[in-house]
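Look at the two complexes coming up: chain A is in both, with chain B in one and chain C in the other.
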Partner chain A sequence: MSDARTGGNTTSRADRLVRAAEKLTVERVLLYVVLLGMASFYLIPIESGLVTSIKTSTAVIETVPFAPPGPSGFTLQKWQQAVDALLFGMGNSMLYAVPATILSAFIGSITAYGLTMPTWKQAYKAPLIALIVAGIFIPYQAVLVPLTQFWAQYVQLGQLLGPLWALGISNDYAGIIELVVTHVAYGIPICTLLFRTYYKTMSKEMIESARLEGATLRRVYRRIVFPLSGPMFAVVLIYQFTQIWNDLLFTLVLVSTESSPAAPVVLILAGLGTSLEGQDFALRMAGAFLAALPTLAVYIFFGDEFAEGVAA
Partner chain B sequence: MFDLYRRLRRRLRGREARADGGVVNEGDASEAGPIGRASAALDRRFGSDFVESSPFWLPPFLLMALFVYGAIIWNLLISLTDYQGFANAPDYSQLDFEMYTRALSDSGFIDAAVNTLVLLVAFTGITLAVGLLLAILVDRGIRFENGFRTVYLLPMSLSFVVTAQFWLWMYNYNNGIVNLSIGTFGLGPVNWLGNQDIVLWAVVFALMWQFSGYAMVVYLAGLRAIPSAHYEAAQVDGASALKMYWRVIIPQLKGATISAAVVLMVFGLKAFDFLYSLVGGYRPPNGADILATKMVREAYANLNWSYGAAIAIVLFLMALAVIGPYLVYEYRRDNL
Partner chain C sequence: MATLELDSVTKTFQDGDDEIVAVDDVSMDIADSEFLVVVGPSGCGKSTMLRMVAGLETITSGTVSLDGRVINDVKSQERDIAMVFQSYALYPHMTVRENMSFGLEESTDLPDEEISEMVTDTAELLGIPSLLDRKPGELSGGQQQRVALGRAIVRDPEVFLMDEPLSNLDAKLRAQMRTELQRLQEDLEVTTMYVTHDQTEAMTMGDRIAILNDGELQQVATPLECYHEPTNRFVAGFLGEPSMNFFETDLADGTLTGGGFEYPLSEGTLADLGDATGLVLGIRPEAVEIREEASAPSDFEATVDVVEPMGDENIVYLQFGDGESLVATTSGFDRVGAGDSVVARIPEGAIHVFDRASGEALHNRTVEADAPEP
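Now for the complex of A and B:
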């Protein structure tokens, strides 16, 4: 009895192998070769950056860029240098990226709620939404000069926050607060759109019955909509964090110099490893990986949510 | 003090707040205060929840409108002045189109405008083509689909600042992988970033590397949405695989193509970060200057504020030419 069963199992396993082999036609093999080739195309720049970052300066010149260094050519010195140069900048980046991410996600959520769930005429809603969506796509160069004017001439945080600087904080940190407000304002369109696509698919019945029982819109949001928004909050937080952490243009304009104590990591990285003697590629690569670490971590741990956010 | 505020609010609104945070209407609208009457009128005009929902969307909308549309209008104004140098604020009393005529006679501006167009069209076209091919390959029922997808999408999770470092190393004249690999075929070495006829294409290639995974994801979703009956019908007709994709499948990916193309063009317009990090400064390699880099250089390095603002307006109009039709298209399909 048991023998027969094992026998049956082996034949089916053999069958499966045969079937798999039959499926493995030339075409199929070619397909996988092409797919693997493309995978290496996407990975090689990253891989060669990683191995270069752990090579000594002589090994960088003497070995092939994508080959790992030999024992004599291995060093962590460049990483040490990169940490020294960038760690403080990473702290500064966190200082504005985290609050700006949380704020813009929350504001995007309530804006999308106000424009999706309550009943008012679509004819008036649509132009508002069109204006918000268009805000996603404008090139930020078109607002840079006024933005500089706004923060330098009209809302002078450097003076408004006088007491803070008296405490010994460098007044360059006004730039960090400016970055938070700026990123929140320009993040509203994309966050609103992401939440709106999510809220449009949410069941209306529960909300309608709550409304019929006299619940206010605020109550509906707090008790029903907000608790159900978890998955979309994950997407938006990941997306916004990556965007804000990586943005160079606003930091360049609002903080301006990489020697400032408030300089974010992207600003320091852009000039890292360049000197009169030439470029220190190992240091540049180490710095690039260090700066990318938070976003890479987010991507690796929440890859599926990232893909979802990207596709939306 | 707080009590006074509450009484005032109650008078004005003609409503009474309940202890649990709910609100009950007190009597008719005719008995309500002036604000109550106004809000009832607004609700009649715009829909029943208009006034109550406005605290949710109105303040964020105003903040966004100030920073986006207010700033663009302000930028237009600045571009009409002669603002430059270390002056604190532009002089708005004299407005003319001098900066725009200056742009037209500036060969650097014309080159940058042409480069911007070439970059946008070439980058979008090539990236879409690569993304579509990848999507078709991944869609053929392969194993480890998630793994491949993750790898293809990985470059997109990196910032321009980071990928610029990688490609600076890839394109290095003596030790870069690109020159090493074409060297095995007996070609090169080529000075990718130093030759001004090639550098723009080198940048397009690097950007394609970064975003073709995104195009693949969008196309993959589009392919999955096509009913399998369409594939079967084409196969019954005896069409070859190539013909089937060309005649039957690709025409149905119009929506995916449009949305991916718009997003890619926006990324292309933002290539500033990439070019800035490539050289660590405002002056991109010769032959790769685009409007985005020229605008920032004129304004923040040369302090030609109003000239920079004028270039920014041109860039904005280019973006509008892409987005305007897209928004109209989405609006017609009721997708907003």
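Now for the complex of A and C:
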């Protein structure tokens, strides 16, 4: 009996295989080949980076970049080195990336609310929106000189925050505060635009209803609009955090030296593993992956809401 | 509770260089605890009018006053008016309880326990206490409708404004809510202004109805008055389903001629018409009698074109010799078939006569008994 059952199973499995094979047309096979090709095209650089980061320096030279290291060529030492070199810088990056992200998202949300919900004349609203949209298209490079002039000549934070340095904090941290303000200012236009698009889809009647029920504009924002902005906050937080965390240009201008105690991770990473003797590829790869971890974490953390916000 | 007065209220919108008049010089009074239904075709300005009362639109000219106090410049959140929207406009992130408490929390200083008690009472009144902890997304359309209603009721406002609150419900539920809404309004005795495009709602719910067309007020009266004594051709044609039959005619020697027939008028009717000669004859489908043989001057031969059986009644489309058509409703038991030759009697007691140029009603049908108060 048991034989008969096994026999029955094999036939049905064989049947299934046959049926699957029958469905495989030439087009289908081609499609899968192309898809596989594209997937590997995108994944190989990341895979190469990952395997390189766990190779010894000799293994890096002796093996092809995307091949995994042999038992003798495997080491976690480069990761250890990267952590040692970057951890403090990552802390510094957090110091400006987190406040700048939250502030720009929040200010963007309020600005968008002001530009969307209350009924004021289009004649006044339109130029304001145009100005904000124009702000998105100003390239970073174009503002570098005025930006340094602004912080070096007009607002000298280093002097203004004197008491802070007396507490024993390095006055290089003035650069971090400058970065927060600069990134917030630069992030407001895109955040405002994103939130405005979202608020325009929000039920107008719902807002009117809240107004009729006695809520002031401020209360409507706090109790209705803000709690409903979750998905768009996820989008903006992810976008802004990645943007600010990865930005090198402003940090180069405002903090400038990687030896500074306030140096953000991007500055240190730029010089990591480079020396007169050549490039330490394994260390550079380990550093790059380590520095990318926080943005990855933010994506995972807000992923679900991000999808909802993008769909909206 | 309050009286609401609209005095020559006008609203114009600017569209480029054009000025669009949405509401044109509308004046009406809504008495304390009255249920007034504003009805009209889409785009006639009825919603705009409601929104002006709510303070959601500015008033171009004229005044809106509540209990004799002009409220043109009072902000909507200070008007003590509750509005029920067509889309219900519930707050999706709040539970039903929070939705219903929102207004009280924002507009009063009542302690939390009292608010909670009022919300529970209102929920019981509407039969939704079991829904209090759910979110609007988990409710059916009818339940959401009740919550929207509850949110308005719990605030105990001076005036209810309702903007087509039933139009998103299916037909059966709509009929049920119609009765319930009426009962609630009678119990609560809150002055109510109710906007709809549905003439059944207008006829059945309102103490009075106001008919609007192109931003202009056509008539404000009880439903039956509007039905039997319309002030003009628009009102006559708008109310009633199927709508009134109209024939373009000319008056000569006491006879209306046109549309392929001659209709002699009695002295009494002629007296109403004055010296107007370009006239429109109107007759409601249910007033037309279908007979076998002509026996009076108001009987006309016609051919049955189409019959739409509705069960209790038939809607009969009749064709006169020269192509003019007439709609009649007859009892569902009358056996008339397409192609039959019949005689349609248009009783003089039931005719309406309108001025062709102005559309104004010159003569309305005689109603035997005075219209009963609804």
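A few comments on the model shown:
Operating definition for what follows: the second predicted complex is superposed on the first by the 270 of 312 C-alpha atoms of A that agree within 3 Å, B and C clash if a C-alpha of one lies under 4 Å from a C-alpha of the other, contacts with A are read in each partner's own complex, and residues count from 1 in each chain.
To be clear about the criterion, contacts are C-beta pairs under 8 Å (C-beta built on N, C-alpha and C of every residue); 3 or more make two chains touch, one makes a residue touch a chain.
What you see is a predicted model, and the numbers here were worked out from it, not measured in a lab.
When both complexes are superposed on chain A, chain B and chain C sit side by side without a clash. If you count the residues of chain A touched by chain B and by chain C, you find the higher number for B. When the shared chain is aligned, no partner comes close enough to touch A:L160: not chain B, not chain C.
Once the two structures are overlaid on chain A, chain A sits at the apex of an angle of 80° toward chain B and chain C, using CA centres and rounding to a multiple of 10.
Judged by the touch definition given at the top, the superposed model places A:V33 against neither chain B nor chain C. Look at A:A215: by the touch rule set out above, it reaches both chain B and chain C. Residue contacts after overlaying the shared chain place A:G49 against chain B, while chain C stays out of touching range.
Our summary of the superposed model lists a minimum C-alpha distance of 7 Å between chain B and chain C.
In the superposition on chain A, the residues of chain A contacted by chain B and by chain C overlap at 214-216, 219.
Residue ranges of chain A in contact with chain C, taken from their complex: 203, 205-206, 208-216, 219, 223-224, 227-228.
Chain B makes touch with chain A in their complex at residues 21-24, 46-50, 52-58, 60-61, 63-72, 74-75, 78, 88-90, 134, 137-138, 140, 142, 148-163, 165-170, 172, 174-177, 180, 209, 213-214, 217-218, 221, 262, 266, 269-270, 272-273, 276-277, 280-281, 291-292, 295-296, 299-300, 305, 308-309, 311-313, 315-316, 319, 322-323, 327, 330-331, 336. Listed in rising order, the residues of chain C touching chain A in the complex are 54-56, 76-79, 81-83, 85-87, 89-93, 102-103, 106-108, 151, 155.
Chain contact summary for the complex, chain A toward chain B: residues 31-32, 34-35, 38-39, 41-46, 48-49, 52, 60-61, 64-66, 107-108, 110-111, 113-115, 117-121, 124, 126, 128-147, 149-150, 152-153, 182, 184-186, 188-189, 192, 214-219, 221, 242, 245-249, 252-253, 256, 266, 269-271, 274, 279, 281, 284-285, 287-289, 291-292, 295-296, 298-299, 303, 306-307, 310-311.
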